[in-house]
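Each structure below appears as structure tokens.
After this come two complexes, each holding chain A, first together with chain B and then together with chain C.
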Partner chain A sequence: MNLLAYQPTWWTLNPQDNGRYGVLVGVFIAGMVLFFALSKVPHSARRPIVVGVTFLAGLFWVLRYLWPEPIALRENELPNGFVEKTGQWLQTSVPFVSGIAQVVTSFLLGLGMFSLLRVHFTKITRKQKDWQFSVLLLVCMALMIAVGYADWLQREFWIKEKITDDTTTWTNVNVVFNILFEGLLQNMDAAMFSIIAFYIFSAAYRAFRIRSMEATLLMSSALIVMLSLMGAVTSGWNGTIDNMTGSNPANLLNNLKLNELAGWLRNMVQVPALQALEFGVGLGTLAMALRLWLGLERGGVTE
Partner chain B sequence: MWKLLADAQKIKREYLFLVLVVSLSATLIGLKKALPQIPDSNSMDLYAVMMTSDPNKPVFIQSDWTNSTRGESRGHFQGLVRSLMATNRKFVFYSVADPQAPQVARDAIRTINQERKKQGLREYKPWDDYLDLGLFPNAENSLNAFSNSIKSAWGGRRAKDSTGRERPVFDSPVLQGVTKIEDCGAYYVVSASNSIDIAIERLGTKVTMGGLVTGVMGPGMLPYYRSGQLKGLTIGLVGVYDLEYMMEHGINTADEAGNIVVKNRTKPEQVIPPVPEGTTFGQGATNNLALHIALTLMILAIALGNVGMIAKKKLEGGTK
Partner chain C sequence: MQYLDSGKLGILVTLLIVAFILFNIARAKNRTDLFIRRIPGLNALDDAIGRATEMGRPVLMVPGIGGLDAVSVQAVTIFSNVARTAAQFSTPIRLCCADAAVYTVAQEVIRDVYQQEGVPERMDAQTVQFVSDRQFAFAAGVQGMILREKVAATFLLGAFYAESLIFAESANSIGAIQVAGSTQNTQTPFFIAACDYVLIGDEFYAASAYITRQPVLVGSLLGQDWGKMLIIGSIFAGMLMNSVERNQMVTMTRQESTVEVRGGQESVAEMVPYEGEPRKKNATETTIYRLFHPMYTESMYQIERQPKPEENPEPAPAEGGEVTL
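Coming up: the complex of A and B.
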């Protein structure tokens, strides 16, 4: 029997059934018990557990890619032989394994919150430097969570029939959530990133100087790329060249069109250099992945 | 004379910042000007895919952008959604990258719906016209699962139907006839992260994929476009304006005066019309003007700094 194969579950077949909340609570409690048990495992036994789980998880995906896949298997047709059976087992197990990975990834959010709370509560209780900012951060976080949940509960459960995308149907909670998320968070985020413009502008004025041949080449390239990003300039420049060539596509002067020059720089200089960097990074990632998969990497939870 | 020029490199930072703020603020107070544009060939290909994909099949949008890149990504997303709504295409959106991403996409869709309502156009209804599948954590695993079987990957997701009742998403009119990822009309990734690389790796061979990425990511995406793994690509703020410009003028399409505003010289036979209804120029047109101003200021600042440096050298060398 294929235990991992995806089957339509009671959950998906009965999405309206209130019994699912009982299941949720049950799974949550079971998860907590498992966590508690794992936290009590002696240090010497942790490494084999972590290395073993990592190896099995990696092995699944390696096999999934390398193992031959059954071709043209019709619905309700059974696979033949060990190779085809294993191939089908791997194929049908992907949703289940992906689901586990998604759940584990979701825990990162909880881990992040736990870490944040620990750091800032410590800072507040010990009255460390700038502890007032920690208070502000925690208050804002609590407010966002409370209003966010209230908004979600209203939209999904309490008065879900009444609330639509139309803002006139919104309650005070929906409005407050919108102010916090779209009105404040988004704009503060954008304001923070816009500070980069000031740094770039100031740096361009003070540091971008023609002091050597390399700097001159860099500046010439930058100038061409910047001008090519300005559609009005490009249109005017290219229009002039079209007038000079009589719009003859075979004329060599067409190569001096701004978008052609910028395209050449991008395709022949920038992209190959980036690809070379990415190739190096890719090799490093592969090496690191192998080390992690095979349990050769030291440090972290494996120590 | 040289002394005056040498002083050009001593301008206080505060004055530079003031010039930048005042110049760019002009675009925020409603100064929207549709400047002429020559769209990139990759942008033209994306627009062509958007307008020629099968209108009876839903479009899948992997919306992985958040506030930090909204200057570019929101323009991309809005341009894409406006085009889909204007051509009556149903769509599904979700994120595999960031918990904030579904919410910013929802807000962007709501804004467009309000805009359409004001224009007297049909509003797009969730469930009937589009589906919001929310977040799928872990891009690698999620996209693998989509590639394997969306029936099982999306099978547990539910959405409210038009009566407010929660139902499995495959009951929605949007996903009628869809059993696998290949059944979508087109697959677009609006991204500011490497989630687009993962999408290309996992799904690139199965769907017609288009990318709408930030300027920083653009050069890294071009090899995918040139190799045909991405059928179209818009890059950065210029890409947003490219898209809006083509939504207004089409490609190789003559306007009322008989002029062809956007010419695709490499595919002269390709005729793609402008979008039939709704807003065309939006965030791209506004921000494109700001981009022109910012780049002009930048070029001036570089020139000023260098002229000052050369003048100072002349002065120190005793040359006048």
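Coming up: the complex of A and C.
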């Protein structure tokens, strides 16, 4: 039996059972107690706990990567031998292990919210500069939580059958949630995203000012790539080259066509440089992960 | 016939690099003469903090918007060094997080730093704060902080996406000294355009070794360099091998087909004798291609296994639940 694999539980088999709320509350309280107990662990004992848990969690994923998976194993077949059995066990355990990470993250989200409330309540109570914005933030947060939760309950449980995509079937809560989420939040996100266009413009202006050899090279390369994307310019320039070469494909002057130059810059300069950077980043990530996994890192997060 | 299971090549190279790193860590423990080249962005850390101290303004640190992974852990480790210097000079810091897990870790690390420096009272609610886990809400929050508090220095280190330029340009507009570094190649050009110092590529991971000079970190850096040499050597060897092979005449040719396996289509291949006009090898017939595109033959999918014993019928699982048999 695979103890780590995700099993259907009595509340997933019977989702209408009210007893599940009791279990969820119990698990939540147990989790909080565990977090509180861990926060009270003496400083000297923390490192072994952190290193131990990190090693076990890392070991699972290292084995998952290195251990061979059974090939073409059908649902009605048993795995052959120790290697295949272990491979299948690791494969089926992934949802369970990922679930643990999700549960821990959910608890941490509570701590994040606590930080947000603490920062803004402090601002309001001390009447610090722009405290009114903090009031607005807290009111919006409370409103979004209340309306969002009510909307979710209605759509998933209370009147699940009555609510469809047709807006005439929506309740006031659904409408308010839609206004807050689709009407306000999404649009504010889009507004923030759109201002990047102006920042790109100002950053590009500074980067392309010809002050040094590097800036000149950057400006020239950017100009070639930009011009190669303009149909009228490309057509005119390439036409001139064709006239000079008499449309002979073997003529070396063909290399001066804008699309050829831009393609050369992209494929021979940009791509190798980016791939070299990616190799470096990959090696750095591997080394960092290895140090964390084996508890070799001193200072910072494992201290 | 394929003599080498090239599907395991990636694992072999990974293990080789892991061995390089561990060997060099062990080797570096007894050595103090290992050299790390100068990285201007990291030399500027102290200057940036000094400037903030003189101006009496805070230092802003952002570990990106990614979750708790090697990138954010590295960012927090660098920030712990920045926070240590800032704590010594009583310079206020603002560490803004977009992920609750990163926030929790960062808070613990910075609190420890302040305690070790004997000034735990200087850490307040605003020192490390969770702003939002929504990308542009986070961008708006941090941008507001940059402009309202007129931060003197910003450290943007971690996984950044579209919000990178919002931070960098906002800080640039108020004249803050900026040190940035991202593992996202798409964002590095933005940082180069808008920031004073940029950690490019793996310089980001070299930062803690550069700052602390701990033997373990420096050894790990040396192991990475060995890994780079291995990659460079492989590229040159592959280039030469491919150049030679592409000029050879064909005797065998690779034939691709698909078979139905596990209810889906899987690609299988075999080498068959080439019959026809002599020609040079094409790209898919070279050894290098076969190293990166292993040959899975149809027979590899035909494995004899025992059938599962019949089980008593059980109630059907709820929707979304996956039953392990």
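FYI, the second predicted complex is superposed on the first by the 189 of 303 C-alpha atoms of A that agree within 3 Å, B and C clash if a C-alpha of one lies under 4 Å from a C-alpha of the other, contacts with A are read in each partner's own complex, and residues count from 1 in each chain.
By our rule, a residue touches a chain if its C-beta (ideal position, glycine included) is under 8 Å from a C-beta of that chain, and two chains touch if they have at least 3 such contacts.
On a predicted model such as this, the values are computed, not experimentally measured, just so you know.
Contacts of A:94 after superposition: chain B is touched, whereas chain C is not reached. In the superposition on chain A, A:199 contacts chain C only, with no contact to chain B. In the superposition on chain A, A:31 makes contact with neither chain B nor chain C. Of the two partner chains, neither chain B nor chain C is touched by A:183.
Applying the stated contact rule after C-alpha superposition, one finds that A:274 touches each of chain B and chain C. In the superposition on chain A, contact of A:226 is made with chain B only, not with chain C. Applying the stated contact rule after C-alpha superposition, one finds that A:291 touches chain C and leaves chain B untouched. Look at A:102: by the touch rule set out above, it reaches chain B but stays clear of chain C. Using the contact criterion defined above for the overlaid structures, shared-chain residue A:22 touches neither chain B nor chain C, since it reaches no partner. Put simply, chain A uses residues 6, 8, 12, 15, 95, 104-105, 109, 189, 193, 200, 202, 204, 206, 274, 278 to touch chain B in one complex and chain C in the other. Taken together, the chain A residues at the contact with chain C in this complex read 2, 5-8, 12-15, 65-66, 71-80, 92, 95, 104-105, 108-113, 115-116, 118-119, 122, 129-130, 188-189, 192-193, 195-196, 199-200, 202-204, 206-207, 274, 276-281, 283-292, 296-301, 303. By the touch rule above, chain C contacts chain A in their complex via residues 11, 14, 17-18, 21-22, 25, 67, 70-71, 73-74, 76-77, 80, 97, 99-101, 103-105, 107-109, 112, 125-126, 128-137, 139-140, 148, 162, 165-166, 168-169, 183, 185, 188, 190, 192-194, 200-202, 204-206, 208, 212, 214, 216-217, 220-221, 223-224, 227-228, 231, 261-262, 300-308, 315, 317-318, 320-325.
By the touch criterion given at the top, residues 9, 11, 13, 16-17, 20, 24, 35-38, 40, 66-68, 70-71, 99, 103-104, 107, 109-110, 113-114, 123, 126, 136-138, 140-142, 144-145, 148-149, 152-153, 155-156, 158, 160, 163-168, 219-220, 222-223, 238, 241, 245, 265, 288, 291-292, 294-299, 301-302, 304-306, 309 of chain B touch chain A in their complex.
Contacts from chain A toward chain B in the complex involve residues 6, 8-9, 11-12, 15-16, 91, 94-95, 97-99, 101-102, 104-106, 109, 156, 160-161, 165, 167, 181-182, 185-186, 189-190, 193, 197-198, 200-202, 204-206, 208-210, 219, 223, 226-227, 229-235, 238, 249, 259, 266-267, 270-271, 274-275, 278.
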